[in-house]
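Scrolling down, you'll hit the structures one after another.
In the two complexes that follow, chain A is the common piece, with chain B as its partner first and chain C second.
Showing the complex of A and B:
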């Protein structure tokens, strides 16, 4: 039953997308709009249908038979919609149909020349995904005979509530990039690159970028809270896949301002949009095709070929349009002076693109080596760290100095005057950090640049507030952007401190044993098993003291799932602003008297999650607040 | 100088600058890459390298030889033999093995072969993939774990 409905919906979505392309091409936008809504309706029915099937354990549906289990708690049953390939593509298509309908609805009376091509492009991307859903990744296949039960979702994905949040955010970010891409295609075809185009494209881009930022931070948090190694970022290809479009996207959000103000970099901005979109497709290909396990494995999965094909087509179309139609856009603006905000933005773009190139190369290199030389290699984290840290430090420095520079032509004297206090504060911060025991040069440089940039921005905001008694409503884009930068600074400090000053121990404790780990003491209180419907938990009850004062209990667990040989851990974390105590149950003796615990004391991890929140706040101010007076943006 | 000539000269110098930047960057990146790549090898392949194998980080894959596990919980030290069927290497690790670590299991260790001809592992990974695979015929993890805690 649900299979039939699902397949009809997918077919309807595919048909309405193809028809929508045709109607949009012939200028029948009223019909194309209705088809976009039909499309969204069909995908919503399919998506909700799958959720119902998952919640009611309808094992006649192939996807449910693949990831469902009667014992899975309701919440995890519902979110297992995105726990495996077919469901993820279904969610992808659903989100895309939503974006398509929303974009077409909001602009129904605007951009008469652009919208047909925006429609065509969005429908074309949609058609591809619905085709994938219909053939190689169809989640609604009938299973016969109907099994009594299923294996349940991948244990790693039913271990933490963050799994309910991270993937949808990622899809909202990834898929959201389709909208600016479609606007870029439309502008290339029609030659319309007006201010209105810039404004609408930037706004959609910013929203998608915000979701992508949330997704990346939540992904790190999930990794920290579930995987039990005490870290949050390992330069894993899956992580890199989400990070690369973020990097080119961040470059775009800066360089679009140069286009807006100075009529420069028009073609470059189109290139950045296309790169960002293509990187989202590449990310999906890398993570979904199995190509990372082995170059040769993706040919076994049909879906890899589909994605490779789609990347090829999108790349060909974008490149052809850029070469053929790009030169029509003249960028009359010229760089007036090397000391100007334009220059800062240009350096920013150079840094972000280099950053992305390094990550891309490190991610793809094993594939290249395997294809050329036939040996399996991995690129170690040190490569990424050594290459990326200098770039990141320069970016942090530029975040403050860039905003301090004026458009067109800066004056060295004014700049120096502006920098007096921030430089002084920077020196103070470095001395304090040194006294507090931070001796590593790179961390000290991070602290220095972060303080410099932070104080430049805070001083400007304080001055503005002093004069006008308001800050954000005066220029939401500029000061919203400052807030985003402050969030990034928090994240950078968190990364620098937690990455360099983590203390780790593995201890074997008997019941009642106390282990000392500055400033904490932990005592193994009890070791017991707890059967749950979907899993069997082994729990170590550990009493935690800070400088002798009891703080309460932490309960790191090992969870045994019937479908997995390996237990999945649930680390337990005591988190404070200054640092975290992180306990993982590594192993236990079967007599329930002894356990091996990994303990980690990591400074400033929570700054990363907090910084993520600040970034979102900044985007909301920047995109959502209305400006009160007619001042030029930024 | 005419404007056209000036423009041409600008392009040429810009081209030179770009070539230098791109060239320098590639040199830097590829140099670092070659230093930081970690090869996947089997014990046979590693031992075949002779003296070249020492002190280079690699990922070594194979199965845990029967009866070779020596686990000292007090000192958190683990020793076992990793075999690929024909050759075997003695592994030393100061990490707690995964709970399910057992004889005959496929593992990947990351670390270096020392001159003492034992392999020091910094990381021990049990072979598994991202996508779920149902237990194979005869494997009953559900039963295994019920026995773990009485």
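Showing the complex of A and C:
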């Protein structure tokens, strides 16, 4: 039953997308709009249908037979919608149909010139996904004979509640980039690049960028909370694939302000939108085709060919339009003075694009070398760290100095006057950091630049508040942007400290043994087994003390799943603002008297997750708060 | 106009070529340190207790497949191995299947139900698997008649790949 409904819905979505393209092309926008709603309705029924099938263990549905199990807890059964290839493409298509309907609905009476091409572009992207769902990745195939039970989702994906959030956020970010891309294509085709276009594109872009930022931070958090290695970022190809569009997207969010204000960089902004969208497709390709080895690669399947085809077409169309139609947007504006906000934005763009290029090169290098020389190589974290740290430091510095510069022409004297207090605070912060034991030069430079930027922004916000008794409602875009910058500074400090000052030990403890790890002491209290419906857990109950004061218990586990040869660990974390104590159960004796525990004390990890929250807050202020009439953009 | 076309091709062609090339390779395939070296010797027992060692096979090309009954992918390559064996065995190619971390009774049952695509050998303490640097199953080694390991493949064999590799070790006589 669900199979039939699901298949009908997918074909309906495919048919409505193709028809929508045709109607939009012939200017029948009212029909195209209804087809977009039909499309969303069909995908919603398909998506909910699959959730029902997963929750009711309907093993006649191929996807449920592939990832379901009667023993899987209900929450993980529902979210296993995105635990494997076909389900994740279904969610992808569902989100895209939602974006398409919302974009067409919100702009139903606007952009008469642009909307037909926006529709065509969105429907075309949708048609591709629905085609993939209909043929190579159909989750609604019938299984006969119907199995009694299934293997359950990948154990790593049923181990933490964050799995319920990270993938949907990523899809909202990735798929959300389809909307600005469609606006870019429409403007290239029609030659319409008005201020209204800039405003609408920026807003859609900002929302997608926010979801992508959340997804990246949550992905790091998940990796930290589940994988047991005590880290959150490994420069894994698919992590990089989500980071690259974030980098080009961040560049765009800055350079679009130059276009708004000075009518410059129009073609460049279109290039950045297209690059961002194509990089999200590349990310999908890498995740779903198994081209590069990664913890995220689901499978090697024929779906790779479909994605290759789609990237090829999108790349060819975007490149052709930019080359042939882009020059119509050449702008006469030029930089007035090197000391200006425009220059700061240009340097910002240069840094972000270089950053993206380094990540792209490191990610694709194994493929490039193998294609050219037939040799297998791997690119590890040291390459990335060495290359990107200087770029990241300059970006942190620019976050503060850039916002302090005025448009058109800055005055060195005024700037120096403005920087007096921030420079003083920077010096104080470096001295305090040094006294607290931070001796590594790169970390000290991070602290210095972060303090400088932070104080420039906080001083301006404090001054504005002192004069006007309000800050955000005065200029939500500027001060929302400041909040995003502050979030990024938190993340940077978290990354610098946790990446450089992690202390790690592996100890073999008997029951009652105490291990000292400044400032914590841990005591192995109990080692026991706990059978759960879907797995068997071996739990080490560990009492934790800080400087002799009891804090409570941490329970790192090893989980044994019936369909997995290796146990999957669940680390236990005691998290504070200053740092985390992270315990992983590595091994245990079957007499239940001894266990091997890996302990890590990592400073400032929670700053990264907190920084992610601050970024979201900043975007919400920037995109959501009402702007005062007549106020200039940023 | 020509300049624009050139720019278009310079941007699109290398990227599409690179990604298309990516689809043709297996990222999980790691070059084995054993390739190009003499195959380590072994002495293992067959299902009916007969002892087999490598020197007794010298002079014949040998295909050694490490497998287990608990390994899903091994199940899929079982018929491939059976079919290819029926072609090449009469040409002197030997097919050995070394059981990796498994119980004898389940293997006997498995072979009874699905047939024996190779001479099944038991490696009770995984000594041979360690000597050959096996990382997981299925893994297949292609050894020429001089006892040199010509190639190693991890994952499910396809008929074409298996035949191609056998032709290569046959040539090296």
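Please note the rule applied: the second predicted complex is superposed on the first by the 624 of 634 C-alpha atoms of A that agree within 3 Å, B and C clash if a C-alpha of one lies under 4 Å from a C-alpha of the other, contacts with A are read in each partner's own complex, and residues count from 1 in each chain.
Definition applied: a contact is a pair of C-beta atoms (placed from the backbone, for glycine too) under 8 Å apart; a residue touches a chain by one contact, two chains touch by 3 or more.
Just so it is clear, the model here is predicted, and its values are computed rather than measured.
Following the overlay on chain A, a clash is recorded for the pair chain B and chain C. In the superposition on chain A, contact of A:365 is made with chain B only, not with chain C. Of the two partner chains placed around the shared chain by superposition, chain B is the only one that A:529 touches, whereas chain C remains out of contact.
Judged by the touch definition given at the top, the superposed model places A:560 against chain B, while chain C stays out of reach. When the two structures are aligned on the shared chain, A:376 is found in touch with chain B and with chain C.
When the two complexes are overlaid on their common chain A, residue A:153 makes contact with chain B while staying clear of chain C.
Legend: residue contacts after superposition of the two complexes on their common chain; A:319 is shown touching chain C, with no touch to chain B. Ranked by how many residues of chain A each touches, chain B and chain C are led by B.
Shared-chain residue A:594: touches chain B; no touch with chain C.
Of the two partner chains, chain B is the only one that A:506 touches; chain C does not reach it.
Of the two partner chains placed around the shared chain by superposition, chain B is the only one that A:386 touches, whereas chain C remains out of contact.
Among the candidate segments 20-28, 56-64, 92-100 or 128-136, the part of chain C whose C-alpha atoms clash with chain B in the superposed model is 128-136.
Once the two complexes are overlaid on chain A, the chain A residues touched by chain B in the first and by chain C in the second are 290, 293, 376.
Across the complex, chain C meets chain A through its residues 4, 7-8, 11-12, 15-23, 25-28, 30-31.
Chain B contributes residues 25, 28-29, 32-33, 35-40, 57, 59, 73-74, 76, 94-100, 126, 128-132, 134-135, 139, 141-142, 144-146, 148-150 to its touches with chain A in the complex. Those residues of chain A whose C-beta lies close enough to touch chain C in the complex are 282, 285, 289-293, 297, 300, 304-305, 308, 311-312, 315-316, 319-320, 323-324, 364, 367-368, 370-371, 376. Taken together, the chain A residues at the contact with chain B in this complex read 67, 84-85, 151, 153-155, 238, 290, 293, 354, 357-358, 361-362, 365-366, 369, 375-380, 382-383, 386-387, 506-508, 528-529, 536, 538, 558, 560-567, 586-590, 592, 594, 596, 598.
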